[in-house]
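Quick one: this structure, given as structure tokens, is what I'll be asking you about.
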Amino acid sequence: MIIFMKRRDFITKSISAGVLAGVGLPLLAQQENTKSSKHANVVNNELDKREKILYDTDIGSDIDDSICLSYLLNQKQCDLLGITTVTGEPVVRAMLASALLKVAGRDDIPIYPGVAAPLLTPQMQPKADQSKYLSKYPHETKFPEGEAIEFMRQTIRAHPNEITLLATGPFTNVALLFAVDPEIPSLLKRLVVMGGTFTYRYKDEPCLSEWNARCDPYATSMMYSAPVKNIISVGLDVTSHVVMKKDEVIEHFNTGILKTVLDFSGILDNTRQEIVFHDPLAATVIFDREICRFERGIVEIETESKRLGGLTFWKADENGNNEVAFEVDKERFFKHYFSVF
Amino acid sequence: MIIFMKRRDFITKSISAGVLAGVGLPLLAQQENTKSSKHANVVNNELDKREKILYDTDIGSDIDDSICLSYLLNQKQCDLLGITTVTGEPVVRAMLASALLKVAGRDDIPIYPGVAAPLLTPQMQPKADQSKYLSKYPHETKFPEGEAIEFMRQTIRAHPNEITLLATGPFTNVALLFAVDPEIPSLLKRLVVMGGTFTYRYKDEPCLSEWNARCDPYATSMMYSAPVKNIISVGLDVTSHVVMKKDEVIEHFNTGILKTVLDFSGILDNTRQEIVFHDPLAATVIFDREICRFERGIVEIETESKRLGGLTFWKADENGNNEVAFEVDKERFFKHYFSVF
Amino acid sequence: MIIFMKRRDFITKSISAGVLAGVGLPLLAQQENTKSSKHANVVNNELDKREKILYDTDIGSDIDDSICLSYLLNQKQCDLLGITTVTGEPVVRAMLASALLKVAGRDDIPIYPGVAAPLLTPQMQPKADQSKYLSKYPHETKFPEGEAIEFMRQTIRAHPNEITLLATGPFTNVALLFAVDPEIPSLLKRLVVMGGTFTYRYKDEPCLSEWNARCDPYATSMMYSAPVKNIISVGLDVTSHVVMKKDEVIEHFNTGILKTVLDFSGILDNTRQEIVFHDPLAATVIFDREICRFERGIVEIETESKRLGGLTFWKADENGNNEVAFEVDKERFFKHYFSVF
Amino acid sequence: MIIFMKRRDFITKSISAGVLAGVGLPLLAQQENTKSSKHANVVNNELDKREKILYDTDIGSDIDDSICLSYLLNQKQCDLLGITTVTGEPVVRAMLASALLKVAGRDDIPIYPGVAAPLLTPQMQPKADQSKYLSKYPHETKFPEGEAIEFMRQTIRAHPNEITLLATGPFTNVALLFAVDPEIPSLLKRLVVMGGTFTYRYKDEPCLSEWNARCDPYATSMMYSAPVKNIISVGLDVTSHVVMKKDEVIEHFNTGILKTVLDFSGILDNTRQEIVFHDPLAATVIFDREICRFERGIVEIETESKRLGGLTFWKADENGNNEVAFEVDKERFFKHYFSVF
């Protein structure tokens, strides 16, 4: 019975519904009279205010994606419609996301493994290193193949101007999504990105290269040149300031899903001594814009240089469609982050 | 009743079916006991032998795409599963394809407008010039939006190792298809391409640039570097030899759909004096390999140079996955081409 | 006797001799018995300890080249063997240098106009803006044509391992010198450069581009990849910290040649409000290394990117042939600078 | 008296004079009163009509440079003012040229080793392979160092609008000459080049790359973009048609200097079976323009692509400063070539 449908089933059906009519994509329309829909209806008003979010992530490399996902799952104002994974071993990454969802009791959220390889450039992130922790946690092992872009596409078309796409991995999925269906950029509410470094710094040291942008320069360029109404970028120069030392991490990551994240993080087995909250910073600004100070302008991406591919050019412009973070209120961020758990 | 389903409905449903089960894509499976399926079954043996073809085309610019489509529609051995359009004004191109399908009484074949803009490079083919002829012919005006790549993807997954993808326009759709679902290349029976110039000639004159490859060099590179089992390329250096002068064109294009093609061609209003059969040559070699002499090797694509982007590098290699045409039996081609009408 | 030749006469004659039988070159052969030459002979032993310097400059654009030249002329430890000019209107730049030499009573120093255009890239500095001040000051108007590189070459070969080449303009002359005679780099004592930005800053603001390197990226790359024993770079990130405000400039530039420099500077006609001592900082470290803190390493140059051409890549390496300034003792610099006047 | 100086002595002295007081350069000042010089004086009027030629060559790799030099030495209408060598081991190449001059009794002609390494790209021709034949023939071993460009520069300035610069190796020397003294291009009578392939053919096979242009794409670009009044290019597509088989070579290379060339060629020790007369074809058209059919136009050079660097773009243009050979009268060429011996 549909009432027991997990969210993944629900969305998947919605996707199918979208194609049923051939041309249009009214979607969701057929399932209005189900009990699940009724339930949805009851809490409708409140839920309507939640931010509809698609989360595109390279979870499984650095730990911050897991920290970000944990936040999204616990953020009451977040309606997480689905997760797509990107870069090397996207299925393993999907498994890792699935493990976290199960820990959180939220495995209704659909997960789609996305694209492994960058466009036209060598693979820089072939492995999902955290796979070593997988065996300890129940997780899904089967996922739809090659459907991530289509899932994003249909979800966005089903909720025009309502979806926030949060991308915290290399931007291959996002670029392909925008290329495959060029109306998608303008159907997004906003795109929020952890990527770039707009003052060429990492923890105040010179740094031209931010990993996500660097891993797939062509995709990064395609993404930033798309006609999204509002692109919010939180770059490495800002995220690198939200750091937590090992002891504090152990102290704070002591409940529920955060315990699992702590386990994944490598803090406990001493493979790392601190955590930089890159991705969660990007996520939190969706819900509290005051955490960062933003400037409006234009972002362009270097693609010609082999060594500098993915470098972010920034130009202030009050009519630009980009908002870029230039400062972070570190205290406000951490307070906000842990407040949702 | 499903028995009356037009092919487009059928395929569209199939697409939906593919997502129904969430993970796998068995497709088509549910509709076995329908009358259409029974009918399909009756003629099954014979039909099974036909080549299942997806046709990706920039129909609406040069006339050869229409000449190619006309051939595919009349070629008994061809099971045309769908048409996708590419480059500027893809919907207008879809309308033009639709007009031809209606003339041929074959508007059961699904048509999906694909991607208008090349990847990261300027648009070189913004218009579908033949739109001026559209008003004279009935045609569809509404098509699915942004679904071309997904249509190709699902059709190929529904018929693993059975589909020949014929691409005679810029390769944006094909590149995105391969990028979005990286298993697709290996699920194709073959890819047949009108593109490139492997001896750097056009009608024996020096020519470094072939239009389809030139229009989207990055896409061309992504396409040729994908692990397709068999890529058959018929380049400009070969196609430019299959030319028909105005008088002969008028004489031969005198039946059924060819009359419409003649109208579209600009021959009658004197905007052109001859027709080069680029795209149809690529189509015919699917059915008669002896029309061209092929060599096996490796193809790579120039992407660094602004002026030479899309140039095709050729290296003979008996283990290569590419077969490239180096000669054409012009007489055999024309005889074969007109034999299907 | 050679002992009485002024230096410019001497060198010019030497070079000119090469084409005596040809078109001939305008010579300055007439002024042999000057006191300055006699003086040079008398104090020979002491002079031997002086740093032999060739100064390659784009004097005539920003004022700092004039401030640098004034310093070199007044620095007792400096044996200025010649001046070469570079970028647009090199002859006008030579005139400006000549005007300053005459003010300083040092027009024995040879001046050679060098190369106007950058290698393979567009001219970014076509004009010597300070030409408007020329009419007020006596100056030479005829200079050897096309001989700058050969002058540098012969001067360096004449004093192997003794010459410091100081380059504070775009590096076209230097690159050509090194290319024309590939032994020259290893015959230099050192190369001192105002160029690059190694922490990507200008006055603490993000800045990827330093003008001298940017104006001729290929030349910059050729220069930095040459086997010079010791390349000392003082980049924009450091020089931009040695700034003097208008009032202080007026106060300090009140004697001799500095008055002329003040006039050239645009301070008095209010076209500028402060002066950044880029080039003089590079010059002073030849004589007092403690003015800057240097690190040893490797410098490489971006040439592929149209937008980032000339960007300086820095990597610390204790065996590198480069020393790059990372900090400046501003007070020590200014004290040193004005101490020579 | 200057009239009795051998040409090499004259020029070398002229240049050397410039550094007399420095390290000094090895001179060839001793051989003044030779008969060849006297003879030169006697026939002055007639000689004035001869073509003044500077020959820039990578002699020592393929044999055609030697075949070309032999021609120039025997061509009565040729006044060979000097030889400069280029690419890897330029001094060895100078020795090889010297050996031929001595065989011809013409070691009055000055030889200057030029630049070994291409500009900014990897060395593709590091060795002068024919050095193995050197020990059998007397030759000079000391040459001026780093003076080739200056020698070319001064020679051209000494004979404005009279010099034909013939370049049959990679174009590093020529590019540097034009960069160092930007008036030089306009002071040449003409530049004759063996280089490029303007129809992308080698012996009727597809070929995008011609060796000389390929070895130093940046230099090639600098050369072709200089304001030379008349650039005559004889490309690989044309030169590859003037081939002589081993037996014929042995038959024809049977007198004087050609015997030595035959020895150098590798024909006798079976390392090659035929000779293509690339460089001599370029030389002969200076004296008989009817040997090739030329078209007037514009030549530009690819520099962005790693794989296609040096590719020659050709566009017909009646106002262009380039004349490019498109056909050769093979019989006329060979008849002309051997007629001078």
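Order as written gives the chain letters A, B, C and D; numbering starts at 1 within each chain.
Heads up, the rule we're going with is that a contact is a pair of C-beta atoms (placed from the backbone, for glycine too) under 8 Å apart; a residue touches a chain by one contact, two chains touch by 3 or more.
Because the structure is predicted, anything quoted here is derived from the model rather than measured.
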item: Longest centre-to-centre distance from subunit B, chain (CA-based); value: C
item: Chain centre separation (subunit A, subunit C; CA means) in Å; value: 52
item: Subunit B-subunit C separation of Cα centroids, rounded to whole Å; value: 63
item: Pairwise touch network: line, ring, star, complete, or other; value: ring
item: Interchain contacts, given as pairs of chains that touch; value: A-B, A-C, B-D, C-D
item: List of subunit C residues in touch with subunit D within their complex; value: 2, 10-11, 14-15, 17-23, 115-117, 119-120, 145-147, 149-150, 153-155, 157-160, 172, 176, 179-184, 218, 221-222, 303
item: Partner subunit C, residues of subunit A touching it in the complex; value: 198-200, 206, 208, 302, 304-308, 311, 313-314
